[in-house]
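Sharing a structure here in structure tokens format.
In this document, chain identifiers A, B, C and D correspond to the written order of the chains, with residue numbering beginning at 1 in each.
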Amino acid sequence: MHIQDCTENTCVDQIQKIFHTAEVEIQRKKRVKVKLRLDLVPLFLSYARDYLNFKHLAHISCVDWIEENEFELIFMLWSYEASLMIMVKTRVNREKPEFITLSHLWPQAETYEREIHEMYGINFKGNERLGEFILEDWEGVPPMRRDFDTIKYSKENFYQRPGREDAQDVRETISKHSGEEVPDFAKEFSIRRIEE
Amino acid sequence: MISIPVLLLLIFAAGLLAFIAHHTIPVLRDAIVIIAITIAGYIVWQLPGQTSNVNFSIGMFAINWGVTEYSQLFGLLIAVLSFFALIYSSAFMANKERLGYFYMNFMFSIGAMFGIVYSQDLISLFFFWEIMTWSSFMLTIYCCEEAQSVGLKYFIFSAIGAYSILTAIVIIYSGLGSLQLANIFANFGTMSIAAKLAVVILLITGFGVKSAMMPLHVWAPDAYKMSPAPYTAIFSGALSKMGIFGIGLVLFKLAAGQGFYPYVQEILAWIGALTALFSTFYAIFQTDAKKLLAYSSIGQLGYIITGLAIGTPLSITAALFLTIMHGIFKSMLFLSVGAVYYRTGTTNMNEVSGLIRKMPYTFFTALFGIITVAGIPPLGGFAGKWMLYESLIQSNHYFLVIVIFFASTAAFLYLYRFIFSMFLGQEEKETENVKEAPLRMIVPMLILAVSTLVFGVFPGLLLKPISGAMGYLGNFQHAWETSVLFNNWGSEIDLNTIVTSIGGVFIIAWILITVKGYRKNRYVTTKDIHTSGEVPTGNENLTYAIDFYKPFERALGSVLKPSVDKLYNYTGKLLEDSFEHLRYVYTGNGQTYAMYVMGFLLILFLFSELIFGVAL
Amino acid sequence: MTYDKNSKKIVDIIQNFARKHSLWILAYGTGCGAIEVPPTMTSRYDGERFGLRGAATPRQADVLLITGYLATKTLKRVIRTYEQMQSPKYVIGFGSCTINGGMYWDSYNTIKALDRYLPVDVYINGCMPRPESVISGFIKLQQLISEGKANGAEKYQKNLEWYRENQKKVIHNWKMPDYNW
Amino acid sequence: MDINWLKVLGIIITPIIAFIVGVAYGGIVRNITARVQNRFGPPVVQNFWDIIKLYSKKTTVSHGWMHHLAPVFAITASVTTLYFIPVLRDSKLFANLSFSGDLIFLLYIMVFGSLGMALGVGQSGNPNAAIGVSRGLSMMVGYEIPFVLALVAIMIQFHTTSLNDLLAVQDKFTNWIIFQSPIAFIAAILAFLGMMGYAPFDVVIAPAEIASGPPSEFGGKYLGLMQTSRSIFTFAKLVLFTDIFLGGAGDFGTLIVKTFLLYMIPVLTGIVNPRFRTEQAIRFFWKWPTVFGVIAILAVVMKG
């Protein structure tokens, strides 16, 4: 195989030719989305780096799908030659979140992994610096997980100055004043607040 | 009447006795050498009372020892420095091994130095010169295995020097038929111009080796680093002055008045100035404190050589004044580094820091030392530097003064580096349990330190013997008063006023700042510093010591550094190659060298008629 | 008592006047408020007219300006910085976040009321406060100084235990040098 | 023993005058800087309030006795420098201690303060401070060269090392040394830029880089004394340059005008310039100012 730059369409073809299980779609111009099985991801990433010329790892991100008991890891790769971004999505089991480090492919991955480890508790095997990163002396549930209750935590740990109960949610106040409708997802939120 | 033979006998005998005592009654060892040097000091002090020289002959050699005002100046310096260095070493060397060897060689080199300054004929001068070289070589290789190659380098340069001197002696003898200094000085002009020039160049080379004149300085930094601290003080403080002693004699007693004299002067002055400049640059980038001081020493000797070479009364005064001051302050500095070494076991400036609270007296000595070296009033260095600049400007050496001034300003860099990285800066964990050096080490250092202040305020104390010495060298006169210095343009500088005003302002400001809110003053450790709110842990290294003068290095960078480095490396390589060949001659064994020299003298003695046409 | 407004001593009057008219700011640029400091000091609003000046280190500074929300991690550094300053020293809380948490009221990581942890002399409200209000805040501080009311440092020293207790509540791993003056 | 009471009075009031003038200059400079930046600027007396405030700080941190003494060294150097400069020409009151033969002494006493400061700064143990000192000393090697070249040129031209003699030479307007040896003046004034430490040669105290460098651990009375010393030293250097190049001054009005004009050179240069790195600054000093200095000496030598 030789290195080749690809456009959106050739890229999709190329990937599907090699990774049959991958769900590839063109999300929009200059952006291709790839969904992959977890064990194929390192393989795919090194393939994308070395043969499709996605030299740059722009970001690693994480989403907590608590309902499906999974974490979603998202890797953003960028090809300078093709001006194309490829977004690789994969799911990790939430009970035992583990993945391997990518720092041998991209040194900068180490930093992203440290952040995800701290905020979501995903263990990247092989990354030696998975220690304290942004938070200091943090104990307990990683704060970005959705089962972590930030309001509760904040109430327990920090002194809350009294006197701001009247304007807890701006949307409520606005709707009271101008009759604007509060969206559904926000309603649930404000109900919860009122209950507390 | 006690005179020179007694002095020499005393010192050499004390050396031998110390060697014997070390193996039989070790307690006596230190006592012997200290008592001997004390008595020697007294003898030297009363020597000027003796008018007649000591004459006797060994075989065909007519030996003549006598006192001149010039030699008295150096004799006193040797006596004083040796006294302090020996007291210091009684504590410093306390638990070392092979002390008999150490003290014997120490005493021998002191005795040899006395011998050199009081010799009035070239044979005994050369004889003592060689003893000095051996004994200093022995102490260079004293410390450890690594010192062997350093010692070899030193010995090869010394040998170059010794053979140049010997050759010069041969030429003089063949030309004048006498080896008495008085005769030589009187009749030197009668020799042929080529012989005269050869003699002057050879002698200056020979003496220049000991005073580490560039490019003959290569041995000095390593040898200074390797020798034990009390001896380094003598090595740099007194022994290197023997070179100056010789160069002074050559310049004013032999070369003066000859046709080539102005050229010799100019060349030598520039060699001195460039020595000062380049050694200062090297010193700035050293990491070892002793090597830094060694380069500094080379630089200071460069000033002295320049001062001598200019040859005006003021410049000679300056040079001799600096000679004495350099003996004092460089001893102080080497002794204080020794004290640090004694307590921490290293002289690497990147390894020790923040000793000021632990070793305040050592710091005080080092502080006085660097202020004196820098030539900042009111300490002793200033008077010397001032006279040197004035003499250079007034004898129309404009660019020389710039070079010297450049070197002198750049000297602040390494001086600060020295005191900062050893005594100031962060207090590190490694030096937590360091204590002040023992009293026997502190007292000599402090006495020397205070003496720099005394000589800074009353340079006249030194100028009196110096003017006597200048009278001997050739009727040079320069007006002086106890604390007033004059230059040739009728200007003067009153050190009393300077000291009073500096001291006055200093004390008033000190009182003001101490009294105001004194109780609210909180003393904190060096870890309690502004670190953007971060609390440094105990192990965190906040010392800024490595590559301290990176910006300066970069500034020199493209201009100077590489070329000098290249030259230096090339020379080093060349020298190393030559060592390879010389190794077969110089085995590194002192006895072999002794054999060589004795053999050479024997040949000289046996075939003298053949070589010189005259029986010795 | 240097802070006494009615002190008859001419020295005290001069000292208070000098303190009032020379406020060196250590701008602890946390949060978004830091961006409001440059316009305050530069040509549009020119804080230097009132004797305000930036200080580089806490040793030289008089005013600690907390510009916005404080994460617990930052709070530790701010406390350290404050304790390194030399009294008389003042703290200005800048923006709503320092008053009641502002938009970070439910954050797991930011403190909600600065005055629980450091003695705040003046709060400047707003999210963000405009340079006009920043300057008015400083004028208020000057007024307090001349009235002898800006004695946060003394308050801190007197109630050190209370402050320490609060501080230790949010900073779990408390490894800080003692504050003993 | 007869005491010259006039001299004693002069010795007492000279530093006070120097302090007042120096601090006021500082305030004016802040104003001028503000105007250039289209600001209004602080009141002229602002620097007085700053210094009084620093002295009236109630607590101070010290890192040891060398740290404690550092500002003392600084002010000793400043005041002593001032003492050995004739502030006013032919004035008995302000002649101070300036005996003849003191230019080289002045060169040395001027670095006394820097070295003392550097020592005190070193004891604080702050790496930023040490970096500042390293930069400062390196810079000093840079600007001392052209300065000494210029001074040597003047010394050999007028065959004196004494300030008083130099003042005597410049008896009328056309005899000012700035006109007699303009090249030396150029070399010296370029060195002067470095000496004053304004931009582009302010890398030593660069506040944004190394947290104000050497004084970063000094606060309260220490900083106050350092600022005092800086003001006095500024005035002393200005008077020195006025005495050497601008014919000194007969009365205070002339002195103020001359020193102020001289002061504006580094100040205005500083306002409109960014910052040199240390090695750039050193190379700058070793290039053009040094060339001017050498030319100045050569010119004097050629003239005979």
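Here is the rule we use: a residue touches a chain if its C-beta (ideal position, glycine included) is under 8 Å from a C-beta of that chain, and two chains touch if they have at least 3 such contacts.
Quick caveat: nothing in here was measured; it's all calculated off a predicted structure.
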More contacts between chains, A-C or B-D: B-D
Per-chain CA centroid nearest to the all-protein CA mean: D
Distance from chain C to chain A - Cα centre to Cα centre, in angstrom: 38
Cα-centroid distance, chain A relative to chain B, in whole angstrom: 71
Distance from the mean Cα position of chain D to that of chain A, given in whole angstrom: 60
Two or more partner chains touched - positions in chain C: 57, 59, 76, 84, 181
Contacts with 2+ other chains: residues of chain B: 520, 522, 528, 530
Per-residue multi-chain contacts in chain D, two or more chains: 58-61, 211, 216-217, 220
Contact graph of the chains (line, ring, star, complete, other): other
Listing of all chain pairs that touch each other, if any do: A-C, B-C, B-D, C-D
Residues of chain D touching chain C in the complex: 30, 34, 37-43, 46, 48-50, 52-53, 56-61, 207-208, 211-212, 215-220, 223
Complex contacts: residues of chain A adjacent to chain C: 134-137, 139, 143, 148, 150-151, 153-154, 157-161, 163-164
Chain D contact footprint on chain C (complex, rising order): 2, 14-15, 17-19, 21-22, 24, 42-43, 46, 48-51, 53-54, 56-57, 59-60, 62, 84-88, 181
Interface residues, chain C side, partner chain B - complex: 57-59, 76-78, 80-81, 84, 175-177, 180-181
Chain C-facing residues of chain B, complex: 520, 522, 528, 530, 532-535
